[in-house]
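Paired with subunit B in one complex and with subunit C in the other, subunit A is shared by the two complexes that follow.
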Partner chain A sequence: MKGKKLKSGEIENALNQFLKDEQHLVLGFKKGESGVSHQLFKGALDHYSLVNPVFGSNAALYLRRLFSKGLKVMLMLRPCEIRAYVELVKLTQIEREDVVAVSIDCFGTVSSKEKKDDVPVEADKLTGYFKDKDSMRWACSVCRERRGVVGDAGVRIDKSGDFWMVPYTEKGEDLVSGIEGEFEEAPADMLIAESAKTDKFQVDMGTFNKDFEKCIMCMNCRDMCPVCYCIDCVFNGDEYLPKGDALLNKVFRTGSTQMPRGKDLFHLIRMYHVSQTCVGCGACEEACPQGIPLTKYFKGVSERLQGVFSYMSGRSFDEPIPYVTFLEDELKDAMD
Partner chain B sequence: MPEETGNKNPEIVGFCCSYCTFKASEMAGSLRMKYPEGIKVIEVPCSSRVDPAFIIKAIVEGADGVFVSGCHPGDCHFIKGNFYTRRKIAALKEMFDAFSMKDKLRLFWVSASEARRFIDKVTTFYNDIKEKNNEREKA
Partner chain C sequence: MKTGIFICHCGHNIKHTVDVKKLSEYFKTFPNVTVSQDYVFVCSEPGQDMIKDAIEKEGLDRVIIASCTPSLHGPMFKDVLRKSNLNPFLLRRVSIREHCAWVGNDVEANTEKAKRLILAGLYSSAHYVPLEEKIVDVQKSALVVGGGVSGLSAAIFLSKMGMHVYLVEKKAELGGHVRTLKSVWPAGKDGKSIVGDMVRELEEQENVEIFTSTTITGLEGFFGNYAVTLDTPQGEKKLTVGGAVLAIGFSPFDPGIKPELHYGKDERIITTLEFENNSDTLQLPEKPRVAILHCVGSRDEQIGKVYCSRVCCVNALRVGNALKDKYKDSYVESFYMDVRAHPKGGEEFFEDTQEKGVLFTRANVGEIVPTPTGVIIRGEDTLFGETFEREFDLVVLSIGMSSPEDCKLVANTFKIALDKDNFFMEAHIKLRPFDTAVKGIFIAGTCSGPKDVEESINHGRASAVKLFGLLNLGYTYVDPFISYVDPKRCSGCRMCEHACFSNAIKYDEEKRVVHVEEAACMGCGLCNATCPSSAISLKGYIDPMIDDEISGFTEAI
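Take a look at the complex of A and B:
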């Protein structure tokens, strides 16, 4: 794979060059006084940070319903965020035309809930910090794709700590050719290797009910999920989660019930609905005020369901989402 | 159906495509064939109308089993509806498998003339569920 080796400060220069145009924006990370956070830059970069070791939310969430023409947005985000962006493009929630998505090698992140002050923000120090898998979020320790190999281009880090920019699409090539230096053959072995395969997810309803006992049905998990994009969610109405009179009618018909009602219904249905598009970023768990291990379930289930169709969410723009396509000759053992 | 005392009869919800399986169930009725009372058939315009959310809702709200049934692949009135159904239900089965309740969901194809096949399929499903419930009660 051909790419360009980046000298220090080269990315910032290129982005600043890009931002000189009034119609251009960059979505990336900003070093603030209390850690790193997402920032939409206009005009010029300011305290720019290439990596963000603290996970608060998935930035693809902010891109939903982006259809504008004539301006350009450059995304400099983590692979999970770019993968969610790719899924949203396929779900026609984002117009791909005006977006250049660059995924950056991710070392793993810590949760924003337990903000640790000692987390470094420099890429070279992060390798040491995240050497031990226990120091990162669980979602990151079992991440399927931490390499920046998705989107239009990727920023990769090789074993000696040098940065590479590798284009994957035409748009990416335009971007990379604007950077100083010659195209070279990028090393095949990068610092961040392919993720190991995780075990097949298996659980029973007893464990499920125990884990979700604490749920208060605030639906933060739904609202913060980057790929849970429906404007008119099935849980907004009375059909699935009855309130008031409808609830009383239901109880008169079926018997006493625990409140809040419908936890298992809500989570199981949502689990199915995002199954093919879930990128396993763990934003749901991050948003949960009750500390329910949501990632374990959503990621586990989605990996199994994607496995049925040998699909991986966010891997490429060309693979259609399995539920919207079919082959005539497949799934012979689906029916009983 | 003679009721066996002591055992709770399972309730099964079936989503049937109105062009094939529902017609087959009507034909079974007019031929005076019998299938268990516990089976509640719901008519849907096409088997692909069934959002897996319906199935999950039925199970969470107390159904012992759910089946989805439509025309044979290639025979769909809407040309390709049941191919989508097949994908959706295959994925849902995998999910139920992950939660160790795979036996609660079935998918089968029954065309409008196959009344006997319809009876066969639903009765086996009913008996299997009943057997499982009895085993669970004993344990």
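Take a look at the complex of A and C:
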């Protein structure tokens, strides 16, 4: 794979160059006083950080229904965020024309809930920090793709700590061409290696009821999920979750009920809706005030489902979403 | 809301095991039920008048009829509503006969179940809205697939009744299997002349187009306006037809599937068809020893063909009869399970054959072994319970009928079902034996199961009559059950567009939402199931309706 080795500060130079156009924006990370957070830069970079070891939300969430004509956005995000972006492009929720998506090698993240002051933000120190997989979020420890190999281009880090920018699409070619330096063969062996085949974890749906008993139906998980894209969720109306008089009517007819109603239904329907596009980022679990292990179920189910269709969400712009394709000879083993 | 509930006794049928009085009393207590009545035959004229009167006097806006299965009398009850100026889609049918009364004899349990079914109907009908049926013209033309005797007889009838007929035959010549028969029992007429007469009769009609060496490559549309694509020797041709009769016939059973018969390995082992065609040139000694095997490829569980092919017994008798006529001193033995000579004159023919000296042995034949001196048959005489081994000069296998070789292809093209033996499935084996589940597509002849020539011809005519009845009306109602999009809820993800088989969903680049092209929508509901935000619904089948229907079944009463 051909790419360009980046000199120190070259990414910032290139991004600042890009931002000189008034119509251009960069979505990336900013080093603030109390840690690193997402920032939509306009004009020039400011305390830019290439990596963000603290996971609060998946930034693809902010890109939904991005159809602007003329304004250009460069995404400098984690692979899971770029993968969610790719899925949203396939679902026509984002106009791909206006976006250049760059995925950056990810070392893993810690939860923003238990923000630790000792987390470094420099790439060279993170390898050491996350040597022990237990120190990162569970979702990251079982992540299938932490390499910056998705989107239009990727920022890769080689074993000696040098940064590379590698294009994957035509748009990526244009981007990398504008960066100082010569194209050369990037080393195949990078710092963030292809995930060792983690054991496929079995989801024990037997514990589902117990785990979701705590749910208070705040629907934060739905709201923070990058690929739960509906403008108007079915759970907003009275159809599934009647309120007020509609609720009283219903209960009057069907008998006493636990409140809030329909917890299982809510999560199962959501699981059915997102399981084909779920990138396993764990934003749902991050958003849950009740500490329900959502990732375990959503990632577990979606990974198996995507496996059935040999699909991986966000891997490619051209791979169609499994539910929208029908092949006569698929799912033979599912018949048993 | 003013709902009228009419509970049918169906004479004795429902009343016998369901307490209809209790039901009608129970529903009187509901606030939105204005009329709750039971009646001996709701489908009778007085029964229909009762509904009409109630609609007019009480101003009903929903009608629930708890009676037989909805597919029976459906159009008739809809007409009752139409005549009373009530939209026919405000009618709800509840099956308390097939789903209740006929299921068991426990009156209490049946009544309880009927109550649930009616309650579900009551709840769901609250969501009904008046729908407008579209009336579309029907093309007065018909496609007949297969040029055998059933296809020919169907084509002749339809063309004589003034329909434009397109007859499609895969082979180069019309006539099917009958053309190859030397004498068709019982009249003894030559198959070629039977077919010849029919073809001549058809060709005399002006409104007939015959396509030989032609196959069907595509079919789209619905009853009244099917678009058919043909692959003819002259190239692709497109037709528009109102309906079709499928008469693609059968395949003769291939005895080579059963290796123990050694068919095809020795020329002294032949089928009834081969005997028929080559009887003049057969080399047999003066006193030939001939065995005839019944039920080859029929009533055989081992090869998965448990059905009786109906024609092979008479064929076997004809072989024995012919041999005895030609060789007086021949030894002819028929190995049978039982002789089913059911057509008119069949039993007499059986007796005649016995009198001529054909021996009948009830037997299970184990194997046929060709040797230089003769062909040995080993088996068990099932009357005496003894095994036997006999030598013959000739063995004739009375083969049955298998499903036509193109059955799956044609079934896929016309979207009709196959039965367990891969013959075409009737809509109802007794009540609608010529219909398929698809409106305007009929089946004729042996493609729906083994038949003799006479039955096939009659079957072809009957299907033609049924199709003519539909086409001659000139118009048809199109169900108003089509999808519609709530643009406020649509996220424009276009998942439904991929799910739609009939290209009815179109994406608006400007508004970033989809809409449904009504004329193309088939009302299958696939888009409904695909939409994550329930932005697409099917008119007449909205989500809350189904939800409330389930409540009717499950809630505490």
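What we mean here is this: the second predicted complex is superposed on the first by the 315 of 336 C-alpha atoms of A that agree within 3 Å, B and C clash if a C-alpha of one lies under 4 Å from a C-alpha of the other, contacts with A are read in each partner's own complex, and residues count from 1 in each chain.
Note that in this section contacts are C-beta pairs under 8 Å (C-beta built on N, C-alpha and C of every residue); 3 or more make two chains touch, one makes a residue touch a chain.
Being a predicted model, the structure only gives us computed values, none of them experimental.
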Task = Could you tell me if A:Tyr229 is touching subunit B, subunit C, both of them or neither one (first, second, both, neither)?
result = second
Message = Under the stated touch criterion, which partner chain does A:Lys214 make contact with: subunit B (first), subunit C (second), both, or neither?
response = neither
Request  = Please work out whether A:Phe67 is in contact with subunit B alone, subunit C alone, both, or neither, and reply first, second, both or neither.
outcome  = second
Query = Is A:His273 touching the first partner subunit B, the second partner subunit C, both, or neither of them?
reply = both
Key: subunit B versus subunit C as contact partner of A:Thr92, first or second or both or neither   = second
Task = Report for A:Arg253: first if it touches subunit B alone, second if subunit C alone, otherwise both or neither.
result = second
Message = So in the superposed three-chain picture, is A:Phe309 touching just subunit B, just subunit C, both, or none of them (first/second/both/neither)?
response = first
Query = Any idea whether subunit B or subunit C touches more of subunit A?
reply = B
Inquiry  = Just to be sure I read the superposition right, which of the two partners does A:Met205 touch: subunit B = first, subunit C = second, or both, or neither?
reply    = first
Request  = Jot down the residues of subunit A that show up as touching in both complexes, subunit B in one and subunit C in the other.
outcome  = 234, 254, 273, 323
Ask   = So in the complex, which bits of subunit A are touching subunit C?
value = 67, 91-93, 229-234, 239, 250, 253-255, 273, 321, 323-325
Note = subunit A contacts subunit B in the complex at 201-205, 208, 234, 240, 254, 262, 264-265, 268-269, 271-273, 275-276, 300-301, 304-305, 307-309, 322-323, 326-328, 330-331, 334-336
Footprint of subunit A on subunit B - complex, ascending = 52-53, 56-57, 60-62, 73-74, 80, 83-84, 86-95, 97-101, 106-109, 121, 125
Note = In their shared complex, subunit A is touched by residues of subunit C numbered 488-495, 498-499, 507, 512, 530, 532-535, 543-544, 547, 551, 554-556
